[in-house]
Amino acid sequence: MAELTHDRGGPRGRVAVLKPQVFAWVQDYGVYAAVLALLLFNVLFTPHFLDASNFRTQLVQVTPIVIVSLGMALVIGTQGIDLSVGSVMALAAALVVLYLGYGWLPALVVAVIGGAVVGAAGGALVAYVGVQPIVATLALLVGVRGLANVLVPQLVEFRNPDLIALGSSSVAGIPVIVLIAAALTVIVLFVVRRTTFGRQVVAIGGNRSASELSGLPVRRVLLLVYVISGLLAALAGVLATARLQASDPTSLGMFIELSAITAVVVGGTPLTGGRIRVLSTVMGALLMQLLAATLIKHNLPQSWTQMVQAVIILAAVYATRKRETR
Amino acid sequence: EEPQSAPAAASSAGQQVVETPSGTAGPTCTLEQFGGTKFDLKTATVGFSQSEKEANPFRIAETKSIKDEAAKLGITDLKVTNAQSQFSKQITDVQQLIAQGVKLLVIAPLNSDGWEPVLQQAAAKKIPIITVDRKINAKACSDYLTFIGSDFYEQGKRAADRMIDALGGKGKVAILLGAPGNNVTTERTNGFKDRVKEKAPEITISFEQTGEFAREKGQQVTEQLIQSNPDINGIYAENDEMALGAVTALKGAGKEPGDIKIVSVDGTRSAVQGIVDGWLHAVIESNPRFGPLAFETAQKFLNGEAIPDKVIISDRDYDTGNAKDSLGEAY
Amino acid sequence: MNREQLSRTLQQHGAVMVLGTLVIVGSLAFDSFATPANAASVVVSSSFLAIIAIGMTFVIISGGIDLSVGSLFVLGGVLAAYGSQYGMLVALLLPLAVCGVVGLLQGLVIARTGMAPFIVTLAGLLGVRGLMLAISDEGATTYLVKDRAFAALGQGEILGLSYPVYITAVLALAAMVLLQRTGFGQNVYAIGGNEQAAALMGVPVARTKVYVYVMSALLAGLAGALNAARLSSGVTILGIGLELDAIAAVVIGGTLLTGGAGGITGSVAGVLLLGVIQSLINQVGNLTSAFQQVVSGLFLALVVVAQRLLSKAQRLT
Amino acid sequence: MRRTELEAVLEARGVSKRFPGVLALDGVSLALRPGEVHALVGENGAGKSTLIKVFTGVYQPDGGELRYQGGPAAFGTPLEAQRAGISTIYQEVNLVPMMSVARNLLLGREPRGRLGVIDAAAMYGEAERVLSGYGVDTDVRRPLRTLGVGAQQMVALARAVSVDARVVIMDEPTSSLEPREVETLFGVIRRLRDSGIAVMYVSHRLDELYRVCDQVTVLRDGRLAHTGPLAELERLRLISLMLGRDQNEVRTEGLTSFSREHAEGDERGSGNGAPVVEARGLTRRHVLDGVDVSVKPGEVVGLGGLLGAGRTETAKAIVGALPLDGGQVLVAGAPLRAGSTSAAIRAGVSLLPEDRKAEGIIPTLSVRENIALAALPSMGRAGVVSEAKIDRIVEIFMRRLRIKAASPHQLVSELSGGNQQKVLLARWLAVRPKVLLLDEPTRGIDVGAKAEVQALIDELAREGLGVLLISSDLEELVEGADRILVLREGAVVGELSGDEVTEERIMATIAEQSDGRADA
């Protein structure tokens, strides 16, 4: 393709000005820069920040948000939104302890299937009934958390060593759940970049009626996207439960949908769909995690924490926003 | 392996014990003073408005206690609403209970202020209101009947005593705060801080962050905390869930039981077990079993007897000395 | 009325019809449901959400979204209660001024930088709640309403309904006229329908957007102030998740989240629907909290599906 | 000619505009005088729309100067330009689809009643009155999107002209209009000119230019190629200026491809063999009334008719994009699953849609992704796409259709209208269809490209592809089609083939039927 560019564009096709490029770079990689800046601040001003265990803590804590955000990025790519992820995490937490008697793996499978079913319900409402994604998944947000609480009315501690190990053991010093999140990131990246499905997702988000006329299986793709989101959320719920060593359907995943959406958007994926940035989404989640950690470590009161978060979110998105050509 | 869930309280054990009426007799209230009319509790519609989801041991035990006692007394028409932690919803819930013709209201308020519209409506219909576990800021015996519950400020003070005790009067302490804006958070914090200032000026409170009364948040905040403040000596958690989250965090960081002294409030079974295991130092109880006392008070009132304007229950505390034996009584 | 007009009417009034059905079913099922007292409690408690939903309707029709309303609601209440010690006027103007400024900032950022409204107002949600915590000593201080006249604004009654209901009705009517019968309203629809085209057609896009967010913030602040008057205090734990309720009400009311279509009547019906669902659950009176959530989730799904099917004849999204 | 001595009302002096990767305008100067109709022509991507947008404040120029009414001008927004008296019809219909026709027409100047509130009844009355002057008779309360593209264009036109303007700019206003509508438009333009208003007129239809324009400015690759009176400019010379090629070269290469093929006689496979696609009794209430269409391999079937006759609907119904009340589509004798475009595409039937912006391009994706979109299932294995395969296809089609883009990775939304259309054609050719339904395939395409597309259609037909050609350009229809079906009000009212295929016969068939109906 490179050759094509040259012989086609001619002298006029290659007018590259430096300044716009810098802007473009900031727009594309602003979130990386922000993460670096925050790291630098912490290295300078936060005691004990450079300990290996500190990085482990941050990575472990961000894992559920990263996993949920991956699914959210796909959904947002189709111009949708999935508010039900937090409740799906809760449902997964409930299912995993209910079926723990059969061993951790069957329990995990049941939990993930549960998540997929919820995703399918939301996806069906969106794709086949034509309900707007925000309300369809809002109904699930309310109902599924209730369902989780019906199944497991209160926090349940468990002693299953395998599940506990899943949450707390490490391989080569890297926690297992972090490795899982990394693997999922790679898979989603592959799906988005290299598969037909990934292309279809962004095409549908970019222009639904054009996609329909181009013969794309629009409804099926939409359904599948929500199923994947539910599936990933359920997995996140199981991992969070393993780490907590207790199933807490009441508060697990509360408001995580907002964190996930923030991570996706801070990473530069537009809410208007048609574009998905996987790695930047992970960076967005890391940014929000580091920010929260910084504010906690410096013991800011809640009021300040929230105001600072507001400002940083605005600044990060401002840097990565799409500029109008004028 | 069997998941171990905390079973609900055995019905007779751990019953609430009243602290005040025998001692300092405050102002009292009679049916006549209140201006109501007598009715039969058994056949009347009784409303109970719960504030939070029955999803933590305290709320579960509380709702269960009210329902069980009502059943025991033969009250057939008990209507229960749940505000799901939304204060506006609780106001509406109670108003709708009134609209359904309840004769007696038992309310577990989510917040102490902001009850004006409910109080007005109830007063117009002369419906007696008993508030449990949290106070309503209004006039007893006219706006509402009476309050039954613990003294949260006192709980904070007692937690401080335990902490001072554990640290020998000096050290660095972190507080895991409850949900911001919540009366319980405020009072448990103030009680703790006031007491520490008064009795152990050498203890510094170097860290206070909200864990929103949830185990996971407690764990996350503690992980950050012990990273950046490895020299912390004690953690005061404003409820058991956050304390248990802190325990998980400490375990994950390779700490041993007792390295960091944890004191918390509530008295759930898991927390008492935590004392037995050596992870928690002490737990101040906050007893949720309001059913018997609430209906007893109501019955007395209807019988024309004078009842106190507030019934403060005496909460016990758990420590290594009594934890093992008291496990059965914890909720 | 031809088929097309009929389906358009259904689309616009689907929520009203679902509401009617639900009320009828509710009255048949429960004796104490259709009583004046219960109806009053639904209407009164819905009025605050309705005020917010009116503002949200404008925002959503313009193609945006406002997540900050829940925080503005609680901030408005706290400020009103605080201001009430200086009298009625301050109690009303202080929250309106502060919330108006917040709305103005949000509107300016959205209109001038082209950042997604979702994110800007999400920052607003966080920032405004932080501000509220800052002025209330991390939520520990609850200011009480001292001014009698101001309290009466929230508590006074005519015909068994308190003043906020009438205020809401007036606001809703004014909003309808504004939306349907003024140039501003037309501009809001045009921006939501096709922003680029609207700009080329000479619509002052930026200014209209700013107005819309200011309006939404003002209404949220007003609702908060009226609620503080009703409760006689500036309760600090209010408004969490309120933005989702408002959005749900507006969308159930038939307004398209993608902008360009919708109306006030639907939003008000949507708010009442949410209120009626809650009331029906309370009528049952012995569901556990978990089941209550399941039921309200199912109800919500049912309502949106019904609303959607009613309007399906008219292919929109 | 008559008024060249007058001072320019709107003027560009050495204006430049740069987009990332492209210099869209390079020192262009143009003067527009009162009472003249000024044609702006050039190939796709020459910079015509960009120049217009610079004039009207949509873009800010990077260099040069704009002058309006004798003074320097800098419009920050379209609103400012509009307020100053410059009224514009943009290339893509730029109205608000979900708002009613009346509100679109009168947005910003609705009739007011008491209290300054909009008077709805007066608004609808006014809208009906204005639109009937443009031959659009419709319920003005309907959402605009329920109208066909042509009718929408007329609304946009009516909107732009009915304001009090000194300058009216029209960017390809006739690209989706019928001959009848074009006449209406020309009437309007002449009225404007006679009242001293300056009109700038962009079109790829050269005959139109010679009919209404006085002056012409030719752009090529963002630079000024020529400006002067149009009448003095021979048609062939104009084309050579646009293409930047020698006049003789243009002459020998020829411009229309259809006509030559026809002259050589029908050697295409028309007439023999079974129909590859056959639609029977397509019916949808108020829209289609038992339409039968069949296309044989190698045959080009034209669909004629006035605006709103149901041509677009017929095409959509065939590919299953329009729910039907009755009727059936057979591909090679086997019935097609109703309501599924992907089934149709798999069976070899594809539709190039009429509304490029709403139903064609995916604006967030690159040229490359847009081309590959429909062919994706065949571009890889087990759901994993083969980038190499895509690159190959994309390169072939970008070259064959001469798509002008900075690179295959440029966003398709940044291409000029004509090049977007070529991208869509490439998308459909990449799936190797048996039958291609083309709805206004040359709309907004420049002379050069138009010829290429037409040649392509011919070539494809010769290779055995069946084509259903919908075009509002009667000449194109007549030259391109072997057989023409004439539609009116959703029904086939006539079929012309062989020698009957002439513009006169088509017009007559439409008129005949109208008269017949009028009598009944």
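Order of writing sets the labels: A, B, C and D. Residues in every chain begin at 1.
Just so it is clear, a residue touches a chain if its C-beta (ideal position, glycine included) is under 8 Å from a C-beta of that chain, and two chains touch if they have at least 3 such contacts.
What you see is a predicted model; the values in this text were computed from it and never measured.
The minimal number of chain-to-chain contact steps leading from chain C to chain D is 1. Computed centre separation for the pair chain B/chain C is 34 angstrom, with centres defined by C-alpha atoms. Measuring from the averaged C-alpha position of chain B to that of chain D gives a distance of 72 Å. Chain B has its Cα centroid 37 Å from the Cα centroid of chain A.
If each chain is reduced to the centroid of its CA atoms, chain A and chain C end up 29 Å from each other. Multi-chain contact residues, meaning those touching two or more other chains, occur in chain A at positions 149, 153, 301-302.
Residue numbers of chain D whose C-beta contacts span two or more other chains: none are found.
Residue numbers of chain B whose C-beta contacts span two or more other chains: 53-55, 180. Taken together, the chains touch in the following pairs: A-B, A-C, A-D, B-C, C-D. Residues of chain A touching chain D in their complex: 1, 4-5, 8-9, 12-17, 20, 24, 194-197, 199-200, 202-203, 205-207, 209-217, 273-275, 325-326. Partner chain C is touched in their complex by these residues of chain A: 83, 125, 129-132, 134-136, 138-150, 153, 258, 261-262, 265-266, 270-272, 301-311, 313-314, 317-318, 321-324.
The touching residues of chain B, when paired with chain A in their complex, are 1-6, 53-57, 60, 180, 206-210, 212, 214-217, 219-221, 223-225, 227-228, 230, 241, 244-245, 248, 252-253, 270. By the touch criterion given at the top, residues 50, 52-55, 78-82, 84-89, 91-93, 95-101, 110-117, 120, 137, 179-182, 185-186, 189 of chain B touch chain C in their complex. Of all the residues in chain C, the ones that touch chain D in their complex are 4-5, 177, 180-183, 186-187, 189-190, 193-194, 196-204, 256, 260-261, 316.
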